[in-house]
Amino acid sequence: SSSSKILIKGGTVVNAHGEEVADVYVKDGIIVAVKPNIKVGDDVTVLDATGKFVMPGGIDPHTHLSFEFMGTETVDDFFNGQAAALAGGTTMHIDFVIPISGSLTAGFEAYEKKAKKSCMDYGFHMAITKWDEVVSKEMEIMVKEKGINSFKFFLAYKGALMINDELLLEGFKKCKSLGALAMVHAENGDAVYEGQKRMIELGIFGPEGHALSRPSLLEGEATARAIRLAGFVNTPLYVVHVMSIDAMEEIATARRKGQRVIGEPVVSGLALDGSGVWDPDFVTAAKFVMSPPIRASGHDKALQAALSTGILQLVGTDHCSFNSTQKALGIDDFRNIPNGVNGIEERMHLVWDIMVESGQISVTDYVRITSTECARIFNIYPRKGAILPGSDADIIIFNPNSSFEITAKSHHSRSDTNVFEGRRGKGKVEVTIAGGRIVWENDELKVVPGSGKYVEMPPFTYLFNGIDKADAEYLSSLRAPVKRFKSTD
Amino acid sequence: SSSSKILIKGGTVVNAHGEEVADVYVKDGIIVAVKPNIKVGDDVTVLDATGKFVMPGGIDPHTHLSFEFMGTETVDDFFNGQAAALAGGTTMHIDFVIPISGSLTAGFEAYEKKAKKSCMDYGFHMAITKWDEVVSKEMEIMVKEKGINSFKFFLAYKGALMINDELLLEGFKKCKSLGALAMVHAENGDAVYEGQKRMIELGIFGPEGHALSRPSLLEGEATARAIRLAGFVNTPLYVVHVMSIDAMEEIATARRKGQRVIGEPVVSGLALDGSGVWDPDFVTAAKFVMSPPIRASGHDKALQAALSTGILQLVGTDHCSFNSTQKALGIDDFRNIPNGVNGIEERMHLVWDIMVESGQISVTDYVRITSTECARIFNIYPRKGAILPGSDADIIIFNPNSSFEITAKSHHSRSDTNVFEGRRGKGKVEVTIAGGRIVWENDELKVVPGSGKYVEMPPFTYLFNGIDKADAEYLSSLRAPVKRFKSTD
Amino acid sequence: SSSSKILIKGGTVVNAHGEEVADVYVKDGIIVAVKPNIKVGDDVTVLDATGKFVMPGGIDPHTHLSFEFMGTETVDDFFNGQAAALAGGTTMHIDFVIPISGSLTAGFEAYEKKAKKSCMDYGFHMAITKWDEVVSKEMEIMVKEKGINSFKFFLAYKGALMINDELLLEGFKKCKSLGALAMVHAENGDAVYEGQKRMIELGIFGPEGHALSRPSLLEGEATARAIRLAGFVNTPLYVVHVMSIDAMEEIATARRKGQRVIGEPVVSGLALDGSGVWDPDFVTAAKFVMSPPIRASGHDKALQAALSTGILQLVGTDHCSFNSTQKALGIDDFRNIPNGVNGIEERMHLVWDIMVESGQISVTDYVRITSTECARIFNIYPRKGAILPGSDADIIIFNPNSSFEITAKSHHSRSDTNVFEGRRGKGKVEVTIAGGRIVWENDELKVVPGSGKYVEMPPFTYLFNGIDKADAEYLSSLRAPVKRFKSTD
Amino acid sequence: SSSSKILIKGGTVVNAHGEEVADVYVKDGIIVAVKPNIKVGDDVTVLDATGKFVMPGGIDPHTHLSFEFMGTETVDDFFNGQAAALAGGTTMHIDFVIPISGSLTAGFEAYEKKAKKSCMDYGFHMAITKWDEVVSKEMEIMVKEKGINSFKFFLAYKGALMINDELLLEGFKKCKSLGALAMVHAENGDAVYEGQKRMIELGIFGPEGHALSRPSLLEGEATARAIRLAGFVNTPLYVVHVMSIDAMEEIATARRKGQRVIGEPVVSGLALDGSGVWDPDFVTAAKFVMSPPIRASGHDKALQAALSTGILQLVGTDHCSFNSTQKALGIDDFRNIPNGVNGIEERMHLVWDIMVESGQISVTDYVRITSTECARIFNIYPRKGAILPGSDADIIIFNPNSSFEITAKSHHSRSDTNVFEGRRGKGKVEVTIAGGRIVWENDELKVVPGSGKYVEMPPFTYLFNGIDKADAEYLSSLRAPVKRFKSTD
């Protein structure tokens, strides 16, 4: 078909490692050439990118499509959620498989099924919510047979997903042996539970109670703990949704000391302050409810600063979208408001506006934090995250002189609200190419259910480089066992 | 008797708030006058303190006499351990009552019995090792009827004393409501357990395995966690045996932010480095085994520095003395070496030498960190911790121009080893007066079993000042509950 | 006269080291007894303090009375400024002598003359604004003959008071040798100068330009520098008017490492945020102009927190009062607005309200940070800063159940504005006794010019304790000079 | 000639952004192809790199060849120093032009002449040692006409190179306007001078006096100051030779807050501890004398850790080599020992051993910190620092299974000593290609004087991206000038 060959002409091609004016030639879903003045035949669709940036499609490392949670299910499934992503310039996401009754295999199969309708490429992380020999064995299967190279542990959601330090240590050890990346949702779940009780006792039942029940110090605590335990096991750690200065500073300190810790802010944490849940309108207030909460003004700027210098490494969304009917489950008690905000469609635009337009980062950095670093961390670079010959043809054409506006009226999520409602800024994703096909152009989506592919992610990503040598150095540093005599009198 | 009236003449009387040359007149166990040139009758024992310091007897906030632990019992009981203390210038200690099968009452009664033979004054902390309504009720009884105003929680000793964060939060809340001070042994017990397994797997069974299994980052972790959870509850916290820079820096940061956290280094952590457990002689190596471990060189100096400027507040010992036969229980496995070192007799001399002789603190500071601050924290000041009219006559005469030497051959503990063996320094406790009686003079003890009194410690010590007002400020800062309307379409 | 003997009955007497219900008996300007139930004759003025606090009068460590500065002179001289102080419960202050053409002697003589009309006790710091042998010699005279034990160095006010690092090091060394305390005004003067030029270039001539030209990072820089240079010389350091988190954190870090650094916040920095200089009314905006500037919201709370835990030690005012006519010198250029705010009258009330009423500190802490610690640092304790037999009779009776309100209409400063205008709070200084005379009672002042005495302050205050020993330890740590051979081939 | 076409076959080609097994084809000094299985004709020199790494030649950002300093001149000139570099796998360096009597032009011309004999490519930084309109104008000429894009300011070397804060601010502003990178040698020169006097007074004349006179706190101070002043001007900063934890932590903090600060450790600081200057043999001790000094053990590991996570970005050498005769100028006074150590030949091997062999970084990171990041910072990427089509053919073939040993007997510097004497490790640069010519193979150099080219470095490197936007944001944040009315009564 006409879409199997595409030539993108005259744009500034941006990779994380550099930019150049060049043409990009795509054939059968693969980038086959990146150089100036490529000549092609008549059967090639030609896109003019003069004066625009040609960049790798975004990769969202943190989403929850078709997620059954808190008695309901997110409104965006693998088809429409991905369609929204594509409209916003994101061409791949990594979703979290949730085990079913603790079974990883059952969970994986359920997500395989959910994802059948995909219209863009995707990968999976796997959550670990209990611990026994079966789980341990299944982790091995997931890594060796199913293309999963990361496992997430929840230090919050007491009574549901939360695990304790003993399990966390077991999980970290298993991850290390498999070359899989350990991820954490870092809030102290016991204290959150206590905080929730406190709010109820104070007669605070509204959405503001959600934020008040889990202040940033509890995120700092859990982040500090997870980092130290990962350091104790000597395995890399990925902290999802870094929302606060407290957590960020723990990551900064660990990195300064040489520890391999990845920090993922999410676009809601970068772009918003926490005032939303105080809105007198419940529908408005409830839409901002997510965990960890969006923090007070000041945290956003601090996270941006840390992101600009590589203290934090990549941006996710935690896209987990509920409509106002679902949010209303918690009309009488914030604890029943399904946690989650949107972002999969908005991330690329907002990160551009907040980070590049403000002068905090360069365009190459933008590619790095929205796409390349994610691909590197999850070991699929340079297939993903790069515009290089041989890479998958996941590409966006971005016009820095255009502009965007966000509103629930026109977004592609099924939700009837948007936490970024009314936000405008500079820059616009004008074309999205996914898997070699033009799926977004002239503000129109052309997406096909089932066209998205599952991307297997191999273990032992770059974060594991040298871990064995460092372990050997550690052992030789112990000066043990000491050869002993017994003193006699 | 002749000892009921004592006049100490011509010394420099030192309180935490100042020093002056004055006489001190003691009658019936109480200090009745502190001023120059006191005239007395012939029935008064006169001690010449010219050129010497007259200071409040030391108070050791952290001891374990007659402690049943790890399948054995410490060699020093309430009589001989206290005798050793008196020989070293300490005139009161606070010991830890351990519940029996979780019963606080049973534990308290057992310790009451152990303490009958006391030859100096003493108080009790109470350990909390499980949680239910009975424990909660017993805590109240302990505070309101038994004279206990502090409860200790263990974040280590998994499977034995360790409690989890949920219990810790409950405990903190109960402490707050009772005006009792929460104390923590701060090491991550799950990780320590993991570290111990690791050492065994590595074939490291000797005492060095003890230190290697519980590095300072695990102390830092637990300290950070306890501080944040206490902050979340807004109740004061007392961190026992601060052994590492990691823990100290957490305390420093919390205090900088206005949190009420007390840090107690112990004399072994201030005076020793951690090389002892690498000694090729098991007896020598094993005597240094305590938890948290004595850290590598560098931690000692950093703890001293923090102590000198009030970042840490007072010095304890964790005196928990086992002889070499007991230590040999772990000859094949460090996990079975009873944890504990001596210090009750050595603390006053070593702190003088390390802190005052080195120029790091003044003599008034010395009184503060060895006596007054402990009395203030546990709400028995100025009865204890001061040389003021009305205070108990617990007094030492200290000669800064004399010198001391420590050796198991001459110490008063029943242990056959001493972790400070061979240590010499300047200064000497020449006279100890306890309860108005001269109990140490001319290197001789004159102690009487049963002469020591139990000191009840009332709740709501100064650390609780204003907590209610701060809570009220917190509540008014919440801007909640928000008055809500529901938007309609 | 009737005022030579006073009995204060039934109050709670508060010292930094404790509180008790007791009577206080004053005779001939001295406290002669502090104990319950003192019986006196008819010639004694009796004040009932039941239900009230009887505390040492405040000591303000940082004032500028009759200060010739920026082409004008402060409106409050040694008589009326002190009268205002007394009305607010402050009974002593330490003012800064400014050399005349670099001459310390001339400066001292000028201030001696200015102070003749004093109605309360006072002491002097001395500023050092240039360096040569004469200055060095005069410093010695000031310490040995004139009762001065502290010297202040300005790192700001380029072209006027500012000195460079070379002079600062010389000054620190001289201070150390004399046992005098080095003080710094810590802002980077070169950068402030640059910042001022920048504002002018931007067309910003109003009072907000003052704050914008000297952001908190410049205070942090100079504080960090002064601390490290003082540490290099190993002499104690006193940082005046700590206004920012930046400066406070440097002090906190230094103290954690054992360095003797004193941090003095001032009441304007604790009680105000920096929004004042943005006021559209010039008169209002200009009255807030001081250096370093009052910082944005957030700095105030952080300073309060650090003060509550002893990271900062005492509170001053930098009282340096200009009326609106004088402030109008800078109507066209903020650089010409005389720098300075009031506070000498308000400090005691505001510190009570901000620190005690909010629950951040206890009443004993209040005495410590408003009076005792100042007396200790400047070596006049317990003559000042205490209610003890033998102390000067500088006493206030404070009613915690009354209230205060601040307004230029009723204050005792000569200024026509007040930076705390309209502020209300709990607590009231009902009686002030200075030098044994009741000078403030029933909202009326009874002050006599010339009744105030100059308080000589001896060198080698407690901050110098052990410095010689620490120096000796340092020297022995050098392992130098190395005995060398020369290798031959 | 035979060397004009080279094919490197079968190696693992490593760039900072990824590695792949590929052939590299070089023609006329340029890399023309990087892909598997390149076929070439008989006129091509073929090098087999199977099992080896093919990497960009090292770029040393910090050298001093033919440097006249402290009354003598470094032994390594632009020919033999570069030859040594090539033998060690470094194919470009950036040297520091020193103005002559303050004249940048004269300095530049002198260095142009010195560099005529070059056998590898090189660039120049320019030192700024005084300030006037001429210097300011010359800076512009250097940037616009001479290919210099960085200027170095010395905060040490009082009386010689040192400048004060006023000049530093002027220099920073000028750098910013030109798009040139400001660099600093960060030690407090006034305090160093004081420290030197102190040592002399203590009778310490030997090399250990050098280290003792300038402790790490003085490096921390100057680093903190330079960072803050650069932040105040909002221009990027490059800190040369980061030798201490003190300096590194300042950089880490600034980066966490979003400031653009580059930290350059040098190989002597990463590989050595500071014990060398205590050696009883003067020749040995003196060879370690450099500024800032090599620090005590602990600093090295901390710098490595920070380097591993990108807190520090690239590694230099400060190669500044004097032989033992020259070092003997300071036989009687350490202040006369010419400051400087070697490293240009050893850097690539030592960084591999310390950072990669120890497991701290990956091979791609190795390329980044030894070559790519330097090229990016100085705006010559991807001409330098990459193995990409179009890049200069500066390439090394590195055998990770071979080994190296360092000794003055066989090194290529003219010095008769080597600070890394006797050091062995894994890995070996087997072939060096510079400018398309094989210059090092089979342990033999084939270098030609004059074959090296001057590399002009354009201004406005990536560190300047968005600075203008950030400045605009800053201005709009000022809320100034305020529109004012004057209040009337």
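By written order: A, B, C and D. Residues from 1 in each chain.
In this section, contacts are C-beta pairs under 8 Å (C-beta built on N, C-alpha and C of every residue); 3 or more make two chains touch, one makes a residue touch a chain.
The structure displayed is predicted, hence computed values, not measured ones.
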Shared chain contacts [subunit B and subunit C, defined touch]: none
Cα-superposition angle relating the copies subunit D and subunit B, to nearest 5°: 180
Averaged-CA centre spacing for the pair subunit C and subunit A, given as whole angstrom: 53
Inter-chain centre distance, subunit A versus subunit B - centres from mean C-alpha coordinates, in Å: 48
Set of subunit B residues in contact with two or more other chains: none
Parts of subunit D lying in touch with subunit C, wherever the complex brings them together: 164-166, 168-169, 173, 188, 190-191, 193-195, 199, 202-209, 212, 215, 217-218, 220-221, 224-225, 228-229, 231-233, 278-285, 331, 475, 478-487
Interface residues, subunit B side, partner subunit C - complex: 15-18, 248-249, 252, 255-260, 302, 304-306, 308-311, 356-364, 381-382, 386, 462, 465-473
